[in-house]
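Below you'll find a set of structures to go through.
Here chain A shows up in two complexes: once beside chain B, once beside chain C.
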Partner chain A sequence: MINTTNSEIQNQQISYVDKILSYYKERTLFSILLTIFVILFLYGIFSTNNYLTIFNFKTIIRDAALYGIMAIGLTFVTLSGNFFLLSLKETAAICCVSFAVGMSTGFGVEAWVGNFAISLSVTLLIGLVAGVIQGFFVGLGNNPIVVTLGGAGIMYGLAAWWSDNLVVSFRRPHDAEWLGTGSFLGLPTITWSFILFAITAELLLKRTNFGRKVYLIGANRAAGKATGHENFSMAIITFTICSLCCAFVAVAFAAQMSSAQANYFSAEFGSSGDMTILVIATVLVGGNSIMGGYGSILRTSVGAVFIAMIDNMMVLNGLNSGPRVVGVGLMIVFSILVFALFAKGSRAQE
Partner chain B sequence: MVDPILKISNVSKNFGAIQALKKANFEINKGEIMGLVGENGAGKSTLVKIISGFDNAYDGDYFLNNKRVNFDNPVKAELEGIAIAQQELSLIPNMSVAENIFLAGSKVKKFATIKKLAEEAKPYLTLVGLNDIDPSIRANLLSVGEQHLVEVARLLTHEAKILILDEPTAALGEAESRRILDMVRKIAATGKSIIYISHRLDEIFKITDRITVLRDGETQAISNTKDLNVNKLAEVMLGRELKNMFPPKSSQIFEDTHLEINNLWPDGLIEPVNFKIKKGEILGLSGQLGSGAGEVLASIAGSLKNRSGRLKMNDKEFMPKNPQEAIKNQIAYCSSDRKKDGLFLGRPIFENLTSPALKFISKFGINMGYNESQFSKSLALDFLIDVKRVKDEAGLLSGGNQQKVALGKWMSISPEILLVNEPTRGVDVGAKSEIYQRMRELANKGTTIVFASTDIQEVTYLPDRVITFYQGLMIGEFSEKNIETTNIIKQITDPFNETNL
Partner chain C sequence: MKVNFIQKIKLNFVNNPDLSFAFFLAIAVYSYFALSTEMFASHNLSFAILERFAVLGLIGLALTICIIAGEIDLSIGSNAALCAVIVVKLTDPIGAPFAMLIGISISTLIGFTQGFFIAFLRVRAIVLTVGTLMLLRGISLVVAQEKTVMLTDFRVPDFITTKMLMYFSPASLMVIFIFILVGIFMRYTKYGREIYAIGGARKESLAAGVPLKRPLMIAFALSGFCAGFAGTVIGLKSGTAQGLGLQYLLLAGTVAAFVGGVSILGGKGGVIGAAVGSLTVNFLNTGLVFYAMQVHFVQFFTSVLLVVVIIFQTMSRIFDGYQTRKSYLTIIDSRSKILLEKKKNLNIS
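Our next item is the complex of A and B:
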């Protein structure tokens, strides 16, 4: 520091200013989110009965868990610079149909009826294949939006075909109830799964070479290629992770409903109608960079809880699904606006 | 003596700590062709930006027709008759030539058929020497040189009085360049003033009336072209004392061939090249933009497609299909555009430094961070990057420090062969010197270094051997004693005596 040249010192002063500025900008964003969070929380307490109850709290984190897990999967894709899968709910659709078919008919084999392990394995296999195929095409350099739009159509069609567009139900009690409706130490199993997924994913991203490559390729794909990290394998792996997360959520949801239908995740799903939009919103509201290379599982998790909280408040205030979908839409627009205003400049994206 | 129609006096401009212009002066008379020359980073582009209104945050005075002006956007400059043709083409490829010419919408009716447009475009095309083409064909059917001419025709529709041509011939062959030069003369004869920027000194001498030389942001001289010759101009451009920036050359005699390049034919070259690289030497590939020198390097590193070629290294024959394979074979390639594929600007410096060497800092794919922090710190120390800043985003660094990171990251794999395309593009003088020093140290330790550069000083004073390229052809080779600026300039600008300078 002492023996640096004059220009060097000037450089440093400038970059300290830059640094403080960028911290400030990031804090601004954070404080805006926090302020809204607190306002809504207070509003919730004072305007709504039953808001500050443990039961309601559990509902919030339970809701958050379902799309939170899918959002964790999607975070890998988004961080690696491959944007989104538009086939999230369709992957979940074919997977939940597959699980329900397995539980109710054993895929045609008498001995497998109601066998959780086999139904789960087949379902995860379907998720894996869906992820690998879509990732392969994206890895070849095709646009992820187009590829997954195609994948979405195919998978939804197959799911509807397979189930004759009917509800496939299986009888309670069944082997999957622990996952669907069970709880452990007072928290629903699905919430525990969410926590487990989140921790594993965060470790994977922050502590492994794979995770580092996700960030590097996402930050600059050309530089990633130049340093020996190709997007081809990265696209396949991240798409597979994401699709497997979808498959897991589908299994949990089917287990909870004890039935499955191709459009469970399109219209009927819990809070806000369209699962794909909800999951993408979760990733974005948390503040992960839409261009990749910047973000974390923590952000996604915060996004999930945030959305679940607002949604929950809308439910308690008696709003039906229409206005709630509008709410989710507004949250996406809001988060993108805030990021465009505050975050982009500091991250030296050009 | 008439007053100049445009005059810049004592203009200074800072970018952070770097002073791009230091009290620079510039002027141009009506109907004059003024050459603007200087090395990369001398401040030419900054000056042009100020003149054409892209940049108005400067100190100093800018007079147009004896009136002090300050354009806060390019449109205002355009209204005053200042038009610029950028080095990169800005035509819309699948629109017709005529539509491209009237793109800005001036001088034509709101609704017009292509036929009508074509008719109206004719006179402008004739003016730039394109009387033989049909204005209704798509712009991308024209050759690159013709597209440049169309671009100039577009500027003429704006009633430009002062035209700025930024390296219009950089990507062109001799015949096409000649058309551009003819056009420039023709337009100047109609009373328009032209600022002509080029690295090709032969062209500058052929067409300009006067020449302004910039060096390190200062105007060195505004002199009549008649009073100068190539050597004198080069001397003014380069400045002698800069010789001291370079480390002494190696006294070693290089014998062992380290890398043999056989029949390598990268995209962008006219014929395959063959050459050998000796262990521990610094080999310079010299050539102007579009000469193919950079393409050869990129191709060796597997980041550019090639039609044929084998590499032979340590008795092993191979040809990397992608950078990954090159890295496996201990070949590192630092590209010329660090923002595009050299750095992860949004990621911390230490991640940039270790990016090619993830397997060295991890065990079974798991990286707990301790090894990495040690490793990246030692790399940063090595390349004189401030160790305290390794956690900052790389994008926050100055150009020179960014380049050090882009280059330094390759030390993480201790490469046998280091290929560097434009080692010091957009880098300030201090960092330049440090980078040269470091490259020489590496070579002395046995790393073989090949670099491609358009910077003539760098090519003269840094390497132990130079190979020259001209428009996709390998021209000649200079070893140690014969490396001289004038010889090299001759070979990279006019090796076949086409211009009879």
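Our next item is the complex of A and C:
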């Protein structure tokens, strides 16, 4: 009797270890990422001054939140097998300018000056229209890269034309301050909205009918078509979600700076490289399959925090923008190569 | 059936609606600007357009080759910027020819490596080149030490832009020479046809014994070479280079390639199309100069051109599908008629 129970317990223990191992095996890139994450975190603690402070932690999360929200939107597009948008920063730019124009001049109507609700709704409407139009073209069977490259040029041109390529600023005590610089329970509002967006998106993807359709169309477009789920409507919906996320980030950023310009999100404006590539990097580094159908919001969020952490570490170590861009580029290439190596012959490839 | 030369050209246009649309667009844009501004149709301006063609034509050619192979190279702007930075930095110490040699071979090597990884790992080029876009940009920032690199000796820029034969300069002559060489390579050699094969029908050509690695590596090496050459021309012409510059080349080159009639599915298009497409974009860019537009407006109108081409391609694809479906339906109808008649005959007998 005693022997059998012992062996049973042993069996249970082994199966437990096996479970963890198999979990890691199934998610190779994710686990590699987590390992590097932990190693770099430890390295950061011991090598960098002022790394392990609550203030710095807040900075990291805040940075991560800005492109994390955009990346959450992009994850929908990527999961549905439509690669990615190259017009992320331009969508954000035109939304940013629209919000600032709304706050400073009220779109030409005297009574709307500084009206947060109207500015926000007009901005979200612009994001919606941008997403629907691009999604429509992609849904007709065009390549998303080419379509969004064209869309990017048009939106940047419109944003620069609208703002005369100048900084549009509005006065500091405004209605949107709670979104830009306010904080709640010690964390900035933008971080809370990142968490909220992530939870909502994860629930949407994992628990609803719509989310499962996204996975289906990404994993097997032919099967999706055969069961009546065409990419046409899916492209429009996912592109709209992505553009709305960009619009939200733009509003938060404009509220934080209380001004807006067409090139706020491009390479000339500090940060490591431009926003579009950084967001795509976030999605890729997290380990989502770019061919679609495989990945989750959790991975994207971890990717966002990871990139923000490494960027922060490089800044604290006094590196210039060159090495920082090299660092982000290396991360993208590394994750693509590792993912391709481990996914060789599996469904993550064509 | 024997066809004479004019009929051959006519057939070429009829069978290739994209190329005819490219010619139509080019003529339309040129004649619009020629009619609306007096200066446009002049000898000096033709020289200026060919000078711009020396840069943009190469980028258009590079992207055309990649898209023919069924992939797209997003890192082209960064590759050109890296080459420009290297060439401008090395011209002073070791002279222009060696600097060009080093810069262009580095670019070609980068393209070659990309092609190897794409073929070996079977990833999509879109994915890998987004990574290398960032990586190469960072490397060129590091090489340039986040500053603008400048030439001190301006004999090389002067030589490159000297006017010869009324319309040409050494740079544009070299570019036209490269165009002819690449055109012959793509059209008449086995390796060039392989690039078309893996672009047009990858699974079928792999099954027929076409290797995947060689054509992809050749295509990406060619595109890297063209990007490097374009970067060299830009860098040496202006005498300056920046790590963050030249990102606009991706949009302009893509527009040139798509106006020239490539299809994103691969296997279509050619060098003539690339030349016509980049000339169209050059007409547009040069013509907008007369209206004293800001840079973002040039970008805006270039994107509008791209959207026009996308709409044309989508419409022609939908129309094609409609026609094929119609022809299938007529075949099915005729067959069902024959079957019905047979059935009738059987019933009667």
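Definition applied: the second predicted complex is superposed on the first by the 310 of 350 C-alpha atoms of A that agree within 3 Å, B and C clash if a C-alpha of one lies under 4 Å from a C-alpha of the other, contacts with A are read in each partner's own complex, and residues count from 1 in each chain.
Just so we're on the same page, a residue touches a chain if its C-beta (ideal position, glycine included) is under 8 Å from a C-beta of that chain, and two chains touch if they have at least 3 such contacts.
Note that the structure is predicted; figures quoted are calculated from it, not measured.
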{"item": "Partner chain in contact with A:Lys213 - chain B first, chain C second, else both or neither", "value": "first"}
{"item": "First, second, both or neither for A:Lys89, with chain B first and chain C second", "value": "neither"}
{"item": "Touched partner set for A:Arg62, first chain B, second chain C, both or neither", "value": "neither"}
{"item": "Chain B versus chain C as contact partner of A:Arg299, first or second or both or neither", "value": "neither"}
{"item": "Contacts of A:Leu284 with chain B and chain C, given as first, second, both or neither", "value": "second"}
{"item": "First (chain B), second (chain C), both or neither touched by A:Ala226", "value": "first"}
{"item": "In the superposition, chain B vs chain C on chain A residues touched", "value": "C"}
{"item": "Common interface positions of chain A, toward chain B and toward chain C", "value": "349-350"}
{"item": "In the complex with chain A, residue positions of chain C that touch it", "value": "72, 74, 117, 121-124, 126-128, 130-139, 141-142, 144-146, 243-244, 247, 250-251, 254-255, 258, 264, 294, 296-297, 299-304, 306-307, 310, 313-314, 317-318"}
{"item": "Complex contacts: residues of chain A adjacent to chain B", "value": "1, 4-5, 7-8, 10-12, 14-15, 18-19, 22, 207-210, 212-213, 215-216, 219-220, 222-230, 289, 293-294, 347-350"}
{"item": "Complex contact set, residues of chain B against chain A", "value": "16-18, 303, 322-324, 327-328, 333, 335, 339-347, 351, 355-356, 358-359, 362, 365-369, 386, 388-389, 392-398, 401, 409, 428, 430"}
{"item": "Contact set on chain A toward chain C in their complex", "value": "83-84, 137, 140-143, 145-147, 149-154, 156-158, 160-161, 165, 262, 267-268, 273, 277, 280-281, 284, 290-291, 320-330, 332-333, 336-337, 340-341, 344, 349-350"}
